[in-house]
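The block underneath contains the structure these notes are about, expressed in structure tokens.
Chain naming follows the written order as A, B, C, D, E and F, and within any one chain the residues start at number 1.
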């Protein structure tokens, strides 16, 4: 059964889109058509509530202009997740959500590593809302801008990242590490090999989850909360 | 001490703006300059996550174009609340938040009445996030569009509303009623007189809260979560 | 990549094993080798804590005697789930867990339908432990023995089931229905078609989840809680 | 609209009453008549449950003998708060409650600083009851008797206090500081200036909240929990 | 080992003291010296927060004037419990606390029956604080004054009580009933026989718990929260 | 009233059985017949979920072959507790449960000390389920095998244990220490004397609790969750 999954990078960074695409491609089934897009407008990276609010409009447009059987929002903040669920009956997941759910299936407690300190509260709040107030034992930031994260792949920077991860896991007594930023997707394997515990990248995990939902014939409930919004947009509107 | 409070109606309905303004004027201090504005663009009413996402951009623009000492977001969903807190150091409150906090100070448990069923989950989620999972004993909808709510002022419709409120309060064993929609602001006194328990309108309550914060010299913390976002907007952006 | 997933029916009922196998086959990838087994000993059906305790030993033996890349425990109580995670590094999921996680991705709140009243508390407790105290809005029983559930496929019984589901969903204001018993797996499609909301069968959902985990290269954390137990069994042991 | 707010210092310390009065006067509206009284009997300072129990009788008498439009209990433990709500329909707030609610409106998480270690559990318990189990990230004591707190105004002691606050905020990753003792009210501005984050003094915040409630025409719900107690006091009673 | 347990009826009703004494005597060990006293002053019955506050002073005096090896506060509100723990190192329990703990050991969920509607919120709050927010599935009132409860022993009134209990248990899906008022102690056996589920009377349960604590050599921790208060009472004090 | 309490050591270690018996004997009433047995089969010590699952079968057999008026499961994990409650109407307690309940009656927060790191999550999960997520401020391991714990009685090892306890209590700001392993029962008095706070041994506490329940005429509710399981065991079954 052929199917299209649209993966939406909520920011406008093409470099970020490419690393996301690379990870998706790695795990997607042969029958899955991947369409990895940037938000048509918004912000260069999502760091905080304001960025998230600006990015949401772009995410919604991406859903609307890319009819697909499933959608993955590739920002750990799960930018615009609920709003998207209103405008399609296809399953919509966020990578933060995907990674946290996955983490709880593999160990007794997880820690989240994100880029900026500003995102810590957003991820904590999401963890609570998803039900993981107890499972999530800590959210921590590298205090590095999202767009600089790939430096940690380099031999002189990787040990810095690794040491921070080890310290976080020990402090939180966690058994799984969640990557709380799409920009960390390129580091999943390297970190997992080094840490010897599951390291969850929501990009990969999200693709797997959506493919599973589709094979089971499941879609977003249209019963109440996510029933389609009436068209009420007015003059001066976005775009 | 003279001060300006900007009250933002997140939708584009002028009629709604006027009822909001009326309630604000009723309670504001003489020294308070009220500026009650509609979002410059977005949706005619906010009913659900998608509407809320579209409205958020307009709310942010309203904050940016109306420099004030305090801001009140006049939608019970508290549309864009956290994002606004990043772009100003003035206090920013939402009327949903204002009403729920107020309710917990006046009785042992409260119920919320909103317009549409789609909003129930949003308000429940907010109640949880604000800490009121236990205090909020139920969120209920009139199943009436936001823009039609004022009909309940009319003699033939008011008894319908009243009976629903009585039934909700009895079922939930609640001691306070929270009006979970700005469109209900005009009904506060009439309902409070009829129900003989506190009926909380977040518009009025919010004005009082912000004025209190200002007299205490308090503003939004800029320490971490709400520190100003860097400008990272890119081509194709909103507006 | 070829892989074996072992699906363990924790009870000894061959009829139940067959319906489980049927559902698994329906959703599994072509490359997945399914091995659907009954517990070698224990109870004819799992209804309550005592049955679950007896069944656990058989589930553990099934894991030990069926080396696989993933395991799915096909009882909504998730019989022996944590113990199994200690004796293999392959991912191990329970169908109750799989279904509840899935449900939270598709709607704002779910209800669970199970067979016997005795199982209600077990499923509620699991929902709490998995983090879904708020998402799970009710667990309800058909008050029908597990091994009699297939009668609801029949034209004279299906309407009884359907009406009960409708009543549950309305009472709980739920947007998704979780089938809280492996014996209900055969009813997933029929119920979903009739109810017009997502109906989650943990058997199908679990297969999808495990296949996703495997494609992402994820396994159970061996860091602490699920590190292998030392062999300390003593004379008189099971079997 | 002229109105009287009675502020009750639950202990018998005149010095404490004066600092409380000073803070109240600073923020109260011109039309507000402030009446700041000491409990007629009880304890010299409230440090722990026993002191609180003894002080409660005095707080109740103060309410009864000072008819007012609003009441503020000026102890961070919110001594006798619920009992007072039964004997008046005017709004009654405690300064601990006022400060914690206010803190959640200004930042993503707050810490509380109190005088004695004995009070830590009381404030934690109140935070939980008010709904702020997640928002309140820590309660900490200076380990200084309540009546000695004003020494921290002095140049040689203020740095000790400041350093402790900085350490608490860093450890808790908090964005707002709540002063968990009326005796700290005199330090609010100095601390806020030095820490550069909102420092909430419940005395000032409470006055603002009550004035807001009054302008909105709100009073304590008399529906059930706070309906007036029947007179059942018996021989040997207090006073 | 001979020991004295002081049982404090927080109200001044001699009739209530007698029924409490009767229940205590029934379960106490032969070596236990029971001393069942009324508060020396306060209220005729404890119905609500105000009554509780007035009663607390009397409860504290009873502890101080009756040196014992253990104390039981015989009001389901657990009047003054924490304050008492500060003024003695002997174990102090409340009957509400004793009954709720006991109930969780005997069934999967309990309901509480109390006298007056005003007490419902107090008992709910206590249930939360003791940790039983999930275990306690409902608190319900007979809407009968505390001092009138014994009428339910009479043949024409007992069926009314019984029917209410049955309805509560069914509605809450509870497996244990907690008597949420000392005045119901006389009805424990009769109700338990009729309902055929455990009916927990905190008076009896509390005596058993304290005797158990004493045999184990356990006493109240004096480490921090319950360390003795300094004497700071001032002129005009109680009594 | 003469009564038999059966105390079940869920592992097969006779040495452990003896220390358990010693503690039971110390606190049991003269009229109590103690029967302290080892599980007939299973594991030499219970360290983790897998050991617990294997031990459960033995615990159930012990209940079935030792008809008694009460049962105490002498493992801090409360091995098989719920399953046992189905097969007898006598009260069944676990020592972890007994100790945690007791701890909350004596101080404002407790810490748990266990043997192995693997058990930490199990005890945390139990604490949550029993309602003590807030009361339990930390679970910590000595990282010592269960069967080696008695070395801490020795003069050269006791200070190591003591220092660890002191560090835990300070870090957690706890007021009571719970011994989270039956193997620590022999250390209760020595530790309590040294720490000068209540140290709770669930073996002793559990005996006291059960004796109390029996004197009150209370038994396990047979209403729903713990109603007797039907006999559905099948060929190949245990033993």
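Please note the rule applied: a residue touches a chain if its C-beta (ideal position, glycine included) is under 8 Å from a C-beta of that chain, and two chains touch if they have at least 3 such contacts.
On a predicted model such as this, the values are computed, not experimentally measured, just so you know.
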{"item": "Where chain B and chain F overlap in contact partners, by chain label", "value": "A, C, D, E"}
{"item": "Farthest chain relative to chain F (centres taken as mean CA coordinates)", "value": "B"}
{"item": "Centre distance in Å when chain D and chain E are each reduced to the mean of their C-alpha atoms", "value": "30"}
{"item": "Intercentroid distance (Cα basis), chain D paired with chain C, Å", "value": "52"}
{"item": "Inter-chain centre distance, chain C versus chain E - centres from mean C-alpha coordinates, in Å", "value": "43"}
{"item": "Touching two or more other chains - residue numbers and ranges from chain D", "value": "108, 120-121, 128, 133-134, 173, 224-226"}
{"item": "Contact pairs between chains, per stated definition", "value": "A-B, A-C, A-D, A-F, B-C, B-D, B-E, C-E, C-F, D-E, D-F, E-F"}
{"item": "Residue numbers on chain E that touch chain D, as the complex places them", "value": "12, 40-45, 47-54, 56-58, 60, 80, 82-83, 85-87, 117-118, 120-122, 125, 128-129, 224-227, 229-230, 232-239"}
{"item": "Touch list for chain E against partner chain F, complex", "value": "27, 29, 91, 93, 97, 101-102, 104-108, 130-135, 169, 173, 175-176, 189, 192, 196-198, 200-201, 204-205, 207-209, 211-213, 215-226"}
{"item": "Chain D residues within the chain A interface of the complex", "value": "108-109, 134, 173"}
{"item": "Chain D-touching residues of chain A, taken from the complex the two chains share", "value": "120-121, 128, 133"}
